[in-house]
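Take a look at the structures below.
Same chain, two partners: chain A is paired with chain B first, then with chain C.
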Partner chain A sequence: MLKVLIPTIMLFPTIWLTSPKWLWTTTTAHSLLIASISLMWLKWTSEAGWTSSNTYLATDPLSTPLLVLTCWLLPLMILASQNHINPEPINRQRSYITLLASLQTFLIMAFGATEIIMFYIMFEATLIPTLIIITRWGNQAERLNAGTYFLFYTLAGSLPLLVALLLLQQSTGTLSMLVLQYSQPLQLNSWGHMIWWAGCLIAFLVKMPLYGVHLWLPKAHVEAPVAGSMVLAAVLLKLGGYGMMRMMIMLDPLSKELAYPFIILALWGIIMTGSICLRQTDLKSLIAYSSVSHMGLVAAGILIQTPWGFSGAIILMIAHGLVSSALFCLANTAYERTHSRTMMLARGLQMIFPLTAMWWFTANLANLALPPLPNLMGELMIITTLFNWSPWTILLTGLGTLITAGYSLYMFLMTQRGPTPNHIMGLQPFHTREHLLMALHLIPVILLVAKPELMWGWCY
Partner chain B sequence: MATYKEAPLATRPKTLDPAEYFNLSPDYRRAEEKRAALRAQLKRQYLQQLNNPHRKELIEDPALTRWTYARTNNNYFRPTAKTSLIGGLFGVLPLFVLYVVFKTDRVS
Partner chain C sequence: MASRLSRIWPTLSRVRLSAALGSRCVSQTPKSSASGAAVATDLQPVSPAAQDSHGHAEVSPFEKNPDFHGFHHHDSFVDEWNMKLAFFFGISVAIVIGGTFIHYLPDHGMRHWARREAERLIKQRESEGLPLMTENFYDPSTIVLPSSGEE
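Presenting the complex of A and B:
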């Protein structure tokens, strides 16, 4: 664990001591090295359960895919930000990359934490660099509004979690996940216990986000610069899912009764946010709402607490992280050229950027969960286990899949096909850096088709 | 010019309307001239941008900007009886309906 954490912390001296000519090259190379070291986590030395060298930071089959995703994403974020940060003074560029690296450190410690309170502290700590990235480097005046919504929704959701965790520490004497997984099911039968149950989960449901409390997400995703959108969509949402999966172990048996409203909100949210996607004019807003839709499916899968639900949730989280981040990168390429997020202004791109049209096509197909990609695997597992939970859910999830296909194809056809407006003819061609970025996003998705066992979590 | 008749379904252009010439006060004519001057300035600005050979980006259209702001910011939503009904029907009622459906299905 330290093999990855120490190099990540050493990224800070790298950023501040490199000469300006080599800043981006060095940081990208350093973070790529960290990403390749992180791949060693995928080799699990113990048959099941936690792999660790100490009792404070450990990895297990649930956190490993998310950790690898986090480490993989940092070089991609640095690659994506190169163009729009370039005009700024060198120290501001260094600050930007420092924020990304600090986010990385907090996320590694969050996913690797064995004490739930450390997870909570890192969960909160990730809010600060993200807030700074959104409000300082966003492009429109609405970024202040977006930052406020983001910060206060997540904070308000997670303060009950702090109280709940302290209560748990009081009653069980420990907050280590290594110990709590073996504890007896708690006697949870009073109103106070129900509020405790809700307090444990609301933070993660706001972060995921669940449909009723999702309002911060479109604002934050749209107003953030590309690296902010990437890290938000790919990893920060998954913090919510990961936290929920960890907490669910000790929240039985109350969850059987109390989870109903949240499962229903999640399922109905898939359809509602999917329908909103069909009416969007802003490209990033469409991708943001599609994130809410997919995360609704993940939330439903986690809340019903079946093995297939958990596996499907992790697979969908990893696949969605990569694909959503890829879509935000593509949207950013369009934004950097036309300086507008309106979809109608960037039509007919296939005629002028044919290779990029292939990336758009693949990313959109992955978004609509085309077989054999892991998106489909995750969605199918969740849909199947939901059907087992109650056959009526197939109406909601089936309709949701249909609407997902609808808006993904709508996004593809709107941006790629159609008449190319005149002002687009003179746009800059695609940089190799951008093609590399897209390849690095989508190749892991395609490779995961071959070995999905890496993502299955405990049920492998 | 006196025998000009407009096409059957067309409207007579403003500059050819006889009422424009005969019953107008000087104030109205001055105001009309000012408005025509402004229109000509805007059209000149647009044509300059349009015919600029070095222009690579889109000519900014304030109507498009207003439209995107109107579509993306929901400041134009007002809670009336109709919108509350739609909101309740699609946003609140399905939650209760689904709760009843799932509960009865799983309990039985």
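Presenting the complex of A and C:
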């Protein structure tokens, strides 16, 4: 664990002591090396339990894929931001990369935490760099509103979580995940206990986000600069899913009845947000709502609490993280050239950027869950386990899959096909950097087809 | 009806567009980049700072450096080396070497071992005539239940 955490902390001296000419080169190389080292976490020395442990941090089959995803994402964020941050004064560039690196540190410690309070502190700590990135480097005036929504939605959900965790500490005497998984089931039979149950989960449901409390997400994703959107979509949403999976162990047997409304909300959210996607004119907003839709499926899978549900949730989280981030990068390439997110203004791009059209195509195919990509595998596992729980859910999930295919196709056709607008005169050709960025996003998704057991978690 | 409409529509649309765009219909002149930018920014006004900072409005970096890779606008040496290092560490190290490492991980999650162990146990139990698996995981005599009188 430390062999990744210490290099990540050493990113800070790297950022501030490198000469301005080589800042982006060295940070990219450094973070890619960290990402390569993080692959060593995938070597599990035991079959089900915790590995790579020290007193405070450990990895287990649930957190390892998410940790590798986090470490992989930092170099991608740096690559994506290079173009639009480069013209700023050097100290501001350094501050920006510092924020990304600090997010990385907090996220590694959050996913690796063995004590739930540490996870909570890191969960909250990730809010601050993200808030700064959104409100300082966002491009429109709405970024302030977006930051407010983002911060206060998450905080409003997580204050009950803090109280719930302290109550748990009082009653069980420990909050270490290593110990809690073996503790006796709690006696949960009063109204107070039900409120405690809700308190444990609300923070993560807001973060996922669940459909009713999802309003912060489109704002935050749209107003954030590309690195902010990437890290939000790829990793921060998964913090919610990961937290839920950790807490579920202790929340039985209340979850059997109490999860009902949340499962229904999640499933309904898939359809509603999918339908909203079909009506979007703003490209980033479309991708943001598609994230809500996919995460609704993940939330439903986790709340079902079966092995297939958990496995499907992890697989879908990893696959969606990479693909959603790829889509945001593509949207940013269009934004950097036309300074507009309106899809109609940057249409027919296949004619002028044919190679990029391949990236758009692959990313959209992955988004609509094309076999054999892991997006489909995760979705199928969740849909199957939901069907096992109640056959009626197939109506909602099937319709959701249909709508997902619909809006992914819509996104592809709107941006790539059709007549190139007359007002587009000179757009820069696609940079090598942007092609590399897309390759580094989509090659892991394709490689995961070959070895999906990396993502299956400990339930399978 | 539809065929008639399809014959009239191109002229109709052109008339409407030219009326709306006015002189901008003559859009082949290089000056139109300014009006093109104005059309793009009608919905999303771009601050002058952003335009200047990206340099797109002025000159494309490909003119000064035809081998521009997208990494550094003014220095082609840094741009080229950034590209080389990003590709090396990203593809050669992370994906190729990392992928090879992952591929050769021994029995990830002990799944192959579990399969072999199960087959071995089945063969052993069948040869001894034992049932493949007992119904009770724990020996029932060791479980102490509270008497039905208590809560």
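FYI, the second predicted complex is superposed on the first by the 455 of 460 C-alpha atoms of A that agree within 3 Å, B and C clash if a C-alpha of one lies under 4 Å from a C-alpha of the other, contacts with A are read in each partner's own complex, and residues count from 1 in each chain.
Methods note: a contact is a pair of C-beta atoms (placed from the backbone, for glycine too) under 8 Å apart; a residue touches a chain by one contact, two chains touch by 3 or more.
Everything quoted here is computed from the prediction, not taken from an experiment.
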Please indicate which partner A:Thr338 is in contact with in the superposed arrangement: first for chain B, second for chain C, both, or neither.
both
Who does A:Ile90 touch here: chain B (first), chain C (second), both, or neither?
neither
Just checking: does A:Trp392 make contact with chain B only, chain C only, both, or neither of them? Give me first, second, both or neither.
first
Is A:Leu2 touching anything from chain B or chain C once the two structures are fitted on A? First, second, both or neither.
neither
In the superposition, chain B vs chain C on chain A residues touched
C
Partner chain in contact with A:Leu33 - chain B first, chain C second, else both or neither:
second
Under the stated touch criterion, which partner chain does A:Trp44 make contact with: chain B (first), chain C (second), both, or neither?
second
Thinking of the overlay built on chain A, is A:Leu440 touched by chain B (first), by chain C (second), by both, or by neither?
second
Taking the superposition as given, does A:Leu413 touch the first partner, chain B, the second, chain C, both, or neither?
neither
Determine, under the contact definition given at the top, whether A:Gly426 touches first (chain B), second (chain C), both, or neither.
both
Intersection of chain A interface sets (partners chain B, chain C)
338-340, 342, 345, 423, 426
Within the complex, chain A is touched by chain C residues 27, 32-33, 35-36, 39-41, 43-44, 46, 50-51, 53-56, 60-62, 68-73, 75, 78, 81-83, 85-87, 89-91, 93-95, 97-99, 101-103, 105, 108-111, 113-114
Okay, in this complex, where on chain A does chain C touch?
21-22, 24-25, 28-29, 32-33, 35-36, 39-40, 42-44, 47, 61, 72, 75, 79, 82-84, 86-88, 139-140, 336-342, 345, 422-426, 428-429, 431-434, 436, 439-440, 443-444, 447, 451, 453-454, 456
In the complex, the residues of chain B that touch chain A are 56-59, 64, 68, 71-73, 90-91, 94-95, 98-99, 101-103, 105-106
Provide the residue numbers of chain A that touch chain B in the complex, in ascending order.
142, 260-261, 263-265, 267-268, 272, 281-282, 285, 338-340, 342, 345, 389-393, 396, 421, 423, 426-427
